[in-house]
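Order of writing sets the labels: A, B, C, D and E. Residues in every chain begin at 1.
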Amino acid sequence: MITGTGVVKTFKQRGKMLGAREVRALRGVDFAIPKGGAASFIGESGCGKTTLGRIIAGLEDYDEGEILIDGVSMSPLTPKQRHPHFRKIQMIHQDPYSALNPTRTIHQTLYAPLSLRARQTGRPGSWIDERAAEVLSLVGLDPGTVLSRYPHQLSGGMRQRVVIARALTVDPEMLVADEAVSMIDVSLRLGILALLKDLRERLGVSVLFITHDVATARYVGDDGELYVIYRGQVVERGPVDTVIADPVHPYTQSLLSAIPVLHGLEEPGEQPVTPLESLDESQSDEGCLFARRCPFRGERCTTERPLLHVFSPRENTNRHSTIGLEADEVGLRTEGVPQEHACFYPARRNVIARPMSEV
Amino acid sequence: MVAIARRLAGHLARGIVMILVVATISFFIVRSIPGDPVAANVQKLIQSGMDPQAAEQATRVLYGFQPKGSLWEQYTQYMAGLLHFDLGQSVTHAGAPVTQVLGEAAKWTVIPVLAGTLLSFLVGIVMGVYAAIKRSGKLGDILAISGSLLHGVPQYVLGLLLSAIFATLIPILPADGPVDILFEPGFNAGYIGSLVEHAVLPVLTYALAAYGGWILAMKSSVVTVLGDDFILAAELRGMKRSIIFRYIARNAILPLFTILALSLGVLLGGAVFIERIFNYPGLGLLLLDSITMRDYALMGGAFLLITVSIIVANIIADLFYSVIDPRVRSGEEVSG
Amino acid sequence: MSVLLESSSTSATMRRNFWAGVWRVMKRKPSRMVGVVLILGFVFMGVFGPMFYPAQLDRDPNAITRPPSWEHWLGTDDQGRDVIALVVTGSRYVLLAALVTAVITVVVGAGIGLFSGFKRGRWDNVLMRLTDMKLTIPGLPLLLVLSTVWKFSSAVQMGLVLGLLSWGGVARAVRSQTLSLRERGFIEAARGLGLSTTHIVSKELLPSMAPYIAMNMLIAVTGGVYAQVGLFFLGVLPYESNNWGQMLNTAVFRSGALTVPSALGFLIGPLLAILLLTLAIVLVVDAMDEIFNPRLREE
Amino acid sequence: ACSGGSTNKSSGSGGGGGGLFTTIDVNRPGIDASGPANPWAPKGNSFIGYNAMKLGWVKNHLTDPNQFYPGIAASWEIAPDNSSVTIHIQPNAKWSDGKPVTAEDVKLSLGLASTTGSTAFAITPGAAGVAADVQVVDDKTVKVSQDMKNPSMKFARGVMDNWVVPAHVWSSLLPADFWDKLKASRSTGAEADKDREEILAIGQKVLAFAPPKDVSAGPFTLERVNPGEALLVKNKNFYNAAQVAPAQVKFLNYSGNEQIWNYLSAGKLDHSGFVAAPTDVMTRIKNAPGSQLIKGFSPVAVGLAFNQAKKPYDNVHVRRGLAYLIDRDQVTKVASPEGGIAAVTTSGIHQKPAQEWLGSELSTLEPYKHDVAKAEAEFKQAGLQKKNGKWTLADGTPWKFSMHAPAGFSDWISAQENIKSQLIENGVDAEVVTVADYPVYLEEIAAGKYDAGFWLMALGPAPYDIFQRLYGASNGWTNVAGKVAHSAPGKGGNWMGSAEEIDVQGVGKVNPGELTAKLNAATADQAKPIMLQLAKTANQDLPAIQLWDYVNTQFTNTSRFTGWPEQDSDLLRLPAGVWIQLGLIKAKQ
Amino acid sequence: MSKVAPGVRIDGLTVVYKTPAGELPAVRNISLALEPGSITGIVGESGSGKSTLALSLLNAVQPPGRIAAGSVEIDGLGDVVGLQGEALRKARGKHIGYVFQAAQNSLNPLKTVGKQLLDLGRSHGVEDLRGLVREAKELLGRMGLDGARVLDSHQHELSGGMRQRVGIMLALVLNAHLVVLDEPTTALDMITQANILKIVREVHAERGLTTLVITHDIGVVAEVADRLAVMYGGRLVEQGPTREVLGAPKHPYTRGLIKAIPRLVGDIDEARALPGRPPTLATVPKEGCVFRERCPLRMDVCDTVDPDAVADGSRVVACHAVTVNVKEHA
């Protein structure tokens, strides 16, 4: 179980003597990922997804807030003390080309962490090779052919599998997959996604999936949670299917509206939401971060920052209300975790495309 | 504009710190040189036939220009002087202020260095473009290898070879100083002709030595730019060849301008060999002389001036870059 | 077994592939072969050359600074010694000092660059300011000033000082390479896996930079040769009876090589040695450029 | 011993032919463009004999230090007891701005000389041969008297060998009470110390003084200077202007000998002082059209001096063995083929004056001809052992003969390299070590750091100077206020470390330092027997092996000017500017 | 200059690249017709030859590549494969607008957009430069940008989406009626992508263009294209009206590709990855069907015979298995 509360990260850009600029990458993010569970972060480019992923994997420090790994708080620990905890969380990089050292064979790549592991757990040297073969098999690669190869002798999909295998050598409890498939050929993407899903099921590894492609989030963990991040803030969160099917935050709705429709297979949603303008990081931080782009903004939005809270159907009775969903219907969809959002005027809108067959 | 001003302020601050540090280093290095110049001078005068007592007196007069007091006092004095551009007084130049001696020498370094650098720069970039375009052919290979060779060979080898050829085997060019004294200084054909004639060999050496670097830098810069997407894009938009060539040239030369400014600074210090070989009375020769003459103040001053010129060149290079590169101009960091 | 696997089959094939690649690159341009042969020649000359001559070179006080002849291909020096013999026996000092220079340049430069780029933060700041300063202070003038303080009494000392003066460029370059490699996922992954810094630096970073460092080392060798020969040429260093720079100095300033053609051989000897060394290194670096270019390794 | 100078007896015709005289100042590489026309400034642009005038021009006669050619002084009288010298200024000497040269000018110049340090005008208490008073007799006459407490034979020379500058340009440098101060400064005590400090402070101003314009009483005035080059034009007001042939004098740029070689072989120079040149270069120079070499005596020799505080050099047999082993002819041929002749003995005297001083006795001195057998015998006598063809110390430890020389002294290095080879070939291990530069060399050799090093000796022509190099301060003997003291080896600058008393064959026990000091005040006749004793001492005890005696070789070119001095002329020891001002040089018709 | 949308007929086009292993075809024997006024989309995975095909339309294949065979007939221009020199240059930009794959970097970083626009005008002999600027502003305004500001900006002052729109503007400003967009939305985020696609559609309609959109994302094609062509290993394996192809893909690759796309609703477990991996230039089979290694319908004939593209109404498919079926049905 990994939880974070109020995680804040601000980058100070160096190099300019007098004009240091601050980038507020995360503005107090809460999250919780249960053991064996799945969570997906989606959002526009630059909204802080990678930063959050790196913080969770221990590759980046955070400025404020608290992260608990299996109940142990990270804040009071020194970087050295944090290490064994963060080791349980492994990052899968977006780019499998750079994630493997081109000068080392796959065997060498796997050997290093395994021998470390063997030393820590007092296992014999022979275990290392067995385990190397085992993790490769786990990710669906044939150890015999792959072990002696160099990364450039493998395809993108195979490389990404090796990256995952390497992460598995330290028996992680969680994998952080940052856009793990965006650089892989379309026809192979699903294979990797399936692998992640499979690892969840078979090894009980939880998966934190970072993507801008909402549909893939659904594929890795439809039982997990979806976090929609905007400019370093979580603006909506809830069970994957709920948020996709019934988003209430206008930003989530904009994101979902933008997904291309497979005309011929699907019918577009009836109430697509288009932001009024494009993202501009330099916009003022006052009020709701999305206010300037929001077609449904009200007076409150420009002065007050909405905080994440549970969506209650009563809220739906505002002036923008469109299709009135029955309250209990909403209640039914939110099983377990509630759907939360940060909007003063939430409303369900029918934005996503649906298969022809359904309509 | 604000961004440039900020950058300038930052660089100036850093430059000043650098200068102070270098001044300190040079002060202490110079003071730790073994050999007591006073005792040595006495011996020298005695050897030249002077009475020991008289020699001692003469030396004391001469070295009256030497700063007195403890090392720390000397240091503070030196640094205080530095603030007023006072580098002390030269011993070998009869108490002339070091700044004056340096100023006199500097012009003889600056002129040929500037001429040689510009010449090599112009020729180098043209050949560099050529080498980039023909990079897969024989000509490109020859240009690149000869460029590397010229770039690799030390200045003195070139200087000696040129001197052997043009001043010894076929003595058609002078290798003795900057100008023939017989010509009345001023804007007259004789004087200028003499200046030019005397500058040919040093300038040619500078140019040859630097040329290799330019051709290599320009070649790789052009190759990089040629691979840039916007060049292909311009081609696909049907832009005229001449315009595309301008795009390539401007983008490729840009990084070279920085090197140009820097190299001017560095060359001032590297002039020792060329000035020694062609007896050109510039800063390098001055430094060399001051070392053999144990003229502390002058040695420190020459060293400091050479360093400062590099620092200034650095700042100019950077400012220059900010002016011509819009990315820097608007305050965006282009590279580390 | 693992060790077996790692060391025998894999690296053996790798090595074979590598050498095949090297051969291919060499074959493409015969000039590169010339470069390699020249370098080997210089190494041989530095190591074994002096053994072919008596410790005290033969001299003939009646044949001082003679022009090239059948007996003396490049003539004789001002003591009546054979110029080629001098170039050969003098190479040891020059090359040894240059080697020391190169080793120190590369070790210190790469060390500082790696440390700085890897640690980042405050240390990086301090070290890079230092490096900037180092790079700003002009080398030759500093050497000249230093030559009055220091007693360069042996080749090793000479190399030591030159090395300590020339690591700046390598440090800067290695640092930026380290920084960019650091951004590459595999370094981050290694840290995430809990691998030690030693492992990361020695097994992940260094091999990726090895070719680059090797090239720098070669270039540093030339730098070392030039600097010391130059200093000897200027005459600011203690006299060495057998040294290329000393030969240049004596030839020009004492034997009148720039006045009378008869002493030209005396001048040409060391100049030729330097030119050939430069050529050799230029050619080899050109080849290395291609050998280590990952794009060409992909095939 | 007094001599009348020739006043201007111009032959009427001659001279004035005009033309450009091209020369080089070999003593001053790199003319400084910012240097003032100030003869005292180390890098000033006053050229001896051209635009810088002295009272008289010292002939450097073989035995008489007090012979001069006329300069500003047309004639002079030296009192028989050497107590004073009376100077008569050239009657029609004028400054280049037209003002006449007066006795006041001379007095002021002598005052200025005392602020910057000058043999006859030293302000150190107890110094030898110092002037007590400068007296203006009339407008054209000055009398300078010697302080007879510690007199010197060379007093007149010390007086005559001084610059003369125009009072109307320089007078502001000396305060009104200067002469009193100068007198006071010669005594001891705090007051005198203060005065000396003040005088030194004035001296610094003098050194740095830059006259707005060159005002000279010489044949030329400075027209302009470049870095490295200078142009002088004829001074119409010079007293002997009618006899001055060149209209302009051009000093060429020069920063290294090789440059002069080039000029000479191209026939560019009308005159150049001596520069060492290898044989091939010399041949080429000789072949240049009009080229002419004039040779004369140069009052200096070079020796290989030992530090007797170090073993085995304390043993005279080792020194002698080395003297036999080193083939001085070969050394000279390799290192200084034109500028030196191998020393015939190692008496401490240049062979030219040696003939004058020693006469027939010279041939009785051991010449130390190259002789390996004798060398081995000496080494054996010293107890050295020969093992596997290599000489070792008496106790069997290896022996390496280490010679030092300053970097840049290429003839010295070349000589040592040759000596090294010779020694190694005969079983004596040897090495050559150079030191960064001459100042450091002098300092370190004085500190006793070397086994052996090259040492200038036989500095003539005054007898005292000749032996002062061997038996002076560097060997322990100091002469303060006429009193000779000896300090132990390693102390007080004594690095040579000879014994204080030496038993010399055929002479008996001598104290060479005291003998040397006596030479200071001895007349030529008194000096002769002392010189012989010292020569015998030096030749037998060998504090230094005299290697070669320098030859004054002057390069001239007859294509444009004639009238050059004869071979062996004493004029060769004076700058060509003096030849010109004396009216010797004529333009070629 | 014609004011009507031109038609394009690509016939038997083969483009080869020179590699150490000899000349290898990146585009092999492709025939494709772009109807005047239509939007055609080409999908294919990385390395399938899309960009090469697009460049061939301008006869701009970069060395070491060259067009080895075939023709590209464009109405009003003729066969561009034969065009050379000035004629070719004039055709580019004026007749055919090209929006670069990495439009992000398709601008000279040192010049403002306006200056580059003027360069473009001068290159094509536009006399009324003011008019050109006016036109550019209008186009930019049309795409939701402040024209004056954009023309005064340097590349680095524009966001990715803005640069892409500038790229489109530069492709259209000379009134080209054939527009090729190579990966117009790759590297843009979803909202911007949707925006750009909308613009492409609208501009296409307003100006009456013939448009070719190249992408690896089927969703993008589905959004904008009337016709869809699928490339694999340098071959065109299937083409037809977008809705038809998506609704009823015939080629096993197309089918697999569509199946491999995770959707927002419905049973996610229906999505399936294709087995194997896409070929590269070096691994693409020299003979036989390029897809056979990964094909569920592989037959013996596939190993030796490269299937012809067979037309069936508005659909064209190159697959032995499908052709057999068609024949059987017939």
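We take it that a contact is a pair of C-beta atoms (placed from the backbone, for glycine too) under 8 Å apart; a residue touches a chain by one contact, two chains touch by 3 or more.
Going by UniProt, the chains are A, E = ABC transporter ATP-binding protein; B, C = ABC transporter permease.
Quick caveat: nothing in here was measured; it's all calculated off a predicted structure.
Any chain that touches subunit D and also touches subunit E is listed here: B. Each step here moves to a touching chain, and the least such steps from subunit A to subunit C (ABC transporter permease) number 1.
When every chain is represented by the mean of its C-alpha atoms, the one lying closest to the mean of all protein C-alpha atoms is B. Looking at A-E alongside B-E, one finds more C-beta pairs in contact between the chains of A-E. Subunit B (ABC transporter permease) and subunit D have Cα centroids separated by 40 Å. Chain centres here are Cα averages; for subunit C (ABC transporter permease) and subunit D they lie 48 Å apart. The geometric centre of subunit C (ABC transporter permease) is 52 Å away from that of subunit E, both derived from CA atoms. Centroids built from CA atoms put subunit B (ABC transporter permease) at 56 Å from subunit A.
Residue positions 147-148, 236, 252, 258-259 of subunit C (ABC transporter permease) each touch two or more of the other chains. Annotation for subunit B (ABC transporter permease): residues 34-35, 167-168, 276, 291-292, 294, 336 touch two or more other chains.
Within subunit E, not a single residue touches two or more of the remaining chains.
Those residues of subunit D that touch subunit C (ABC transporter permease) in the shared complex are 256-258, 261-262, 265, 277-281, 283-284, 330, 333-334, 405, 407-408, 410-411, 413-414, 417-418, 420-421, 424-425, 432-437. For subunit A in complex with subunit C (ABC transporter permease), the touching residues are 57-59, 83-84, 86-87, 90-91, 93-95, 98-105, 107-109, 111-113, 116, 125-126, 128-129, 147-148, 150, 152, 163, 166-167, 169-170. Every residue of subunit C (ABC transporter permease) that touches subunit D in the complex is listed here, in rising order: 56, 59, 61, 64-65, 78-80, 147-148, 235-239, 241, 250, 252-256, 258-260, 262-263.
On the side of subunit E, the complex with subunit B (ABC transporter permease) involves touching residues 55, 58, 60, 62, 89-94, 98, 100-103, 105-112, 116, 119-120, 122-124, 154, 156-157, 167, 170-171.
Remark: subunit C (ABC transporter permease) residues 1-2, 5-6, 9-10, 13-14, 183-186, 188-196, 199, 203-204, 207-208, 294, 297-298 touch subunit A in the complex.
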